[in-house]
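Chain naming follows the written order as A, B, C and D, and within any one chain the residues start at number 1.
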Amino acid sequence: MSYSPEFLLRAYRGMKTIRLFEERVTREFEAGNIPGFVHVYDGQEAIALGVCMNLDDADIIGSTHRGHGHCIAKGCDVIGMMKEIMGKADGLCKGKGGSMHIADIDKGMLGANAIVGGGPPLCNGAALSAKTLKTGKVAVSFNGDGSSNQGTVMEALNLAVVLQLPHLFVFENNGYGEGTGADYAVGSGDIAGRAAAFGMPAEKVDGADFFAVYEATAKAVQRAREGGGPSALEADIIRFSGHFIGDPQLYRAKGEITQLRKERDCLNFFRDRVTGEGWLKAGQLNSVDDEVAALIERAVEEGLASPLPAVSELTTDVYCSY
Amino acid sequence: MSYSPEFLLRAYRGMKTIRLFEERVTREFEAGNIPGFVHVYDGQEAIALGVCMNLDDADIIGSTHRGHGHCIAKGCDVIGMMKEIMGKADGLCKGKGGSMHIADIDKGMLGANAIVGGGPPLCNGAALSAKTLKTGKVAVSFNGDGSSNQGTVMEALNLAVVLQLPHLFVFENNGYGEGTGADYAVGSGDIAGRAAAFGMPAEKVDGADFFAVYEATAKAVQRAREGGGPSALEADIIRFSGHFIGDPQLYRAKGEITQLRKERDCLNFFRDRVTGEGWLKAGQLNSVDDEVAALIERAVEEGLASPLPAVSELTTDVYCSY
Amino acid sequence: MNQPQKAVNVVDQATSSVKTFREAINEALHQEMERDPTVIVLGEEVSGGAGCSGEDDAYGGVFGVTKGLMPKFGRERVIDTPISESAIIGAAAGAANTGLRPVAELMFFDFIGVCFDQIFNQAAKFRYMFGGKAKTPMVIRATVGAGMRAGAQHSNMLHPVVVHIAGLKVVMPSNAYDAKGLMISAIRDDDPVIFLEHKCLYDAKCEVPDAPYAIPFGEAAFPRQGSDATVVAISAMVPKAIAVADKLAKEGIHIDVIDPRTVSPLDDEAILESVELSGRLVIVDEANDRCGMAADISSIVAERAFGALRAPIRKVTPPHTPVPFAPSLEDAYIPSEARIEQAVRDVLGA
Amino acid sequence: MNQPQKAVNVVDQATSSVKTFREAINEALHQEMERDPTVIVLGEEVSGGAGCSGEDDAYGGVFGVTKGLMPKFGRERVIDTPISESAIIGAAAGAANTGLRPVAELMFFDFIGVCFDQIFNQAAKFRYMFGGKAKTPMVIRATVGAGMRAGAQHSNMLHPVVVHIAGLKVVMPSNAYDAKGLMISAIRDDDPVIFLEHKCLYDAKCEVPDAPYAIPFGEAAFPRQGSDATVVAISAMVPKAIAVADKLAKEGIHIDVIDPRTVSPLDDEAILESVELSGRLVIVDEANDRCGMAADISSIVAERAFGALRAPIRKVTPPHTPVPFAPSLEDAYIPSEARIEQAVRDVLGA
């Protein structure tokens, strides 16, 4: 498969934006500028981009508590996101949602979800709309290894097969559900195998390899658009940070993270591959780095400057009419 | 494997008791002597007995809305059952439970369950007690093909593997969940395969063959008693009656039932096998038939004669203390 | 046959006929699916016979409420599902966010236990969490109530559980006329609506217009009127309250019977106005007292019509127990006309 | 540091120390697990580190409440589970029916949506459905409440939903002293108990005896006493009500602050007695009004202390909205001391 420079730069910009966004969110949280429970996505960028580069605004994704990366990959406004995470009035959700509920339906982002397993049943619904209204659109639900044990996810897998819904279930296996190992919590240890047993094609890929994720997704999404029904993708990946910002991560072996950050950084893999193949020059990537850094800086500045919602906002947006 | 006459007569008595009990329950329901929603088990007797002949009173079973057969196979008092199903004061549950909630914990019968998928999580608990208290006992949950699509069942399968619980999941695949075909509702059509994908040994057997069910269960139960963890059994079987008593069964092809009753009657299979092998004489089986007929007759007489619960019973048995 | 007084924008009363509660809802579904191609129906056995060798539309819902929809609109719009309530409600909610107007069926509302998250944490909260950007136009139809000897897990009301949840609307019709008009409103509403059908009302008949009509939410009906006392009754309790009112009328005692029709939103103004006049209130509900609907209405009145109350409010509700199976116990569990009548006499006597 | 007056059978006050709410519950769990080998703890991260290469007991519960139990009692009795709440609660209920006394943790009570059936249709109803033959001695520990900027799906109270369910007991301690004594009672109780821990109370300290002691269910505490008005407050609302009481006391206004401690069973007698004297009632709860706990108590008093009421009952509760994320909105959502104080002045002024 060959890739245009524009495509590769878009992919890199997306991954780099997520990386810097999450690193900065962590700092702003620690500085007391971001309230609540925040779960960052750094280390898993290649999955969000590898998947979402196959989608357009009218395709729907459903995310998890660890949703910033999916939002960015789906094209949500980074400044509006930072404001939302800070709980500001002009955030993506007027500050009412926050990190765990960030959403932008106009961009086909059906929301982060603070309930593990909350998203996949909803994505079946988006896929059902696509199928019923014959839009040719698809839905993608992002899941973790831990969420593969939630009954709602398994019901959703089966229903997607029964109704042959255009729905790709992506399982990001980062080895942990909070502080519990995937090998412990997933009975068989094999999430793709579990999905396949419901009667859908399921594949395992290296989640740190953007190209592997992109190509596996391309097949599944095309199949879905053509009426071929659901698929599953299990992507092995590393969670660079703690489960939540501030997690002491005692359950991880000493030095585990430092080593993995060195050896399994999807951004380094991408950079090496595209420069190695001569598809892009290091300089092109470096200037993306600068653009992105500036964007994040601006997002934080605007976020900090934005006002909190007025108290009158408390009781609005509950119902369309009541 | 060789079987003692006592064993075979016990098995036959159990199956025959279920058959006549259910046929009589149907008549009494139609006569207006049994209220509510009643789901009968006739046709599936070989599964209940093939499984429960491997268990004693201290082993636990969890049943479904179609629970009469499991109760009888587990040794519940048939007269107390008939009274319960009639809603009488001296029924197995004082008339408070009824057909869909019939239970007798002293006999290791943890209850029918009117919630599809309600039982397997509870049976994990019984298995957890056995494991924690090191009793060497096992738990068996009975499930249908339809209930294999309920998230609670799938969560239970996974947890049983994770904790290596002594729990046998029996899936009675009678081809229907109410009026929906198993081939339609079970994505892969393969329930044993679904269970296996959670990481447990899973087998398919002919549910109309008492001996096949008994021997497959024996292996799984022994494995569980020895600490080998959970197993699953998918037993193909025929539902002789409707989903509930009074079901017009329009979803079944004309003549389907008559033919199946002729060709796939587990009681006939049993009778032919044991007489063919010369293990029992027809006469021995016939006298069991007579005993059982008399027992059922008595159950109905006593049931009809029993009083309804006094209104003072309405507010008792809610709490141990309040 | 009670004809609610406050029914509104009824199109062409001219052509109408006596219909059962079941038929009225079925007609509403037919008419709305015809009017709007984005309306779909999904649930277990809503058609029936999927993947079977016999007839299609074998059930049309286990209570026959969706009968005939599949033959007319096809399996693409009338969808039989596996026994996976979380997946059913989730699919409805996600579809509602993306262009469809699903009517999902929960065969028995007792099954919310296996799909409550998709109802209260997802569908109910999207609009708020997403800063007003989401719309979730979905209806969850479910049967409620005791009286069929269905036992502890198939006989509950549970409306208080969903009334408590912000973001949900809860509709509880008591007659065929309201059922049709409220179902049409529910389908056209842009918020998630829980539509609760009492099993014991399915065969109740009254005159129902053939043409579609919408009954607005939050407007109570007054099947009987009188200023001696106020009786608020809900769902299957309404016919009982009416029977009591008619009996007392013969003695010259005239009472308001108020049927809220929707309990969220609740027409508290109608109740307060009535109590301002009567000074006496009886609330009849089939859910138990603790954090229940009767307590809800009682507390609203006790606080906002405090000065008008001339007697303590009386609640006629079941005891704090599961629903028993035995007929003698279930009959004692369900509020009876005798208990309602006594409660009215008590507040009048006080 | 408020010391409830009606605390009972306190063993050996002599040796006691200041403990946090978190430490008090942890101590109760340690002491009961030591006393009774059938007590087990299960849930997500109750130990933490299962199947990981790092330390065991990495969390001891995400709020640290079960810290130290696993090292002491082992993984056989302190069980980390997959993210499968229905399986967790079901396992606890089934184990309770067969010889164990499980303490199951729901990390956030907001998660009842994915396991409500096992709670309300199974555990709560066994005893009744089985004609009194079953015992289900289990405790479900869960965190509740807003104030941590955790958003709409991690900040709910939801106690009204379980108070409505017959067969469940619901415990809501407001201080470390009660938390220990009530947890010990919950574990020794033979019925299913929902034990709700408000996140914002975990660091609240008071003097707590070191030895085990049980506080009976259904007995309210009176952290403050006075006959000018009655304020019933629940869980994290209690410290706020106390602060208001102390402020008003300086003006010579003396009010009863009643902490029910358990909301099912509810010590309605204590509340009624107080209102008989004061004639004025304010109810403070963090759940919204509709079919809520405040409505529940309001209706009990309005009906049974009707004659004594000298002013309309006032409820201080959040609006009928999901819990917002933005600090400015969440602060406005949660009942404040200012609102409580105003409500008391209103009932006094009326």
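Please note the rule applied: a contact is a pair of C-beta atoms (placed from the backbone, for glycine too) under 8 Å apart; a residue touches a chain by one contact, two chains touch by 3 or more.
Computed from a prediction, not measured in an experiment: that's the story for all the values here.
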| item | value |
| --- | --- |
| Touch graph components, with subunit D removed from consideration | one piece |
| Centroid spacing, where centroids are CA-atom means, of subunit B and subunit C in whole angstrom | 36 |
| Rounded Å distance, subunit A centre to subunit B centre (Cα mean) | 45 |
| Subunit C and subunit D, separation of their C-alpha mean positions in angstrom | 32 |
| Touching two or more other chains - residue numbers and ranges from subunit C | 81-82, 84, 86-87, 110-111, 113-114, 117-118, 121, 128-129, 151-153, 166-167, 319-322, 324 |
| Multi-chain contact sites of subunit A, meaning residues that touch two or more partners | 94-97, 101, 113-115, 118, 149-152, 155, 158, 162, 184-186, 318 |
| Chain-level touch network, classified as line, ring, star, complete or other | complete |
| In the complex with subunit A, residue positions of subunit D that touch it | 44-45, 48-55, 58-59, 62, 80-84, 86-87, 110-111, 113-114, 148-154, 319-322, 324-329, 332-333 |
| Complex contact set, residues of subunit A against subunit D | 35-37, 87-89, 94-101, 113-118, 146-147, 149-152, 176-186, 248-254, 256, 308-311, 313-315, 318 |
| List of subunit C residues in touch with subunit A within their complex | 38, 40, 76-77, 79, 81-82, 84, 86-100, 102, 117-118, 121-122, 126-135, 166-167, 169, 189-191, 218, 265 |
| Of subunit B, residues touching subunit D in the complex | 60, 62, 91-97, 101, 103-106, 110-111, 113-115, 118, 120-130, 132-133, 139, 151-152, 155-156, 158-159, 162-163, 316-322 |
| Residue ranges of subunit B in contact with subunit A within the complex | 149-152, 154-155, 157-158, 160-162, 184-190, 193-194, 196-200 |
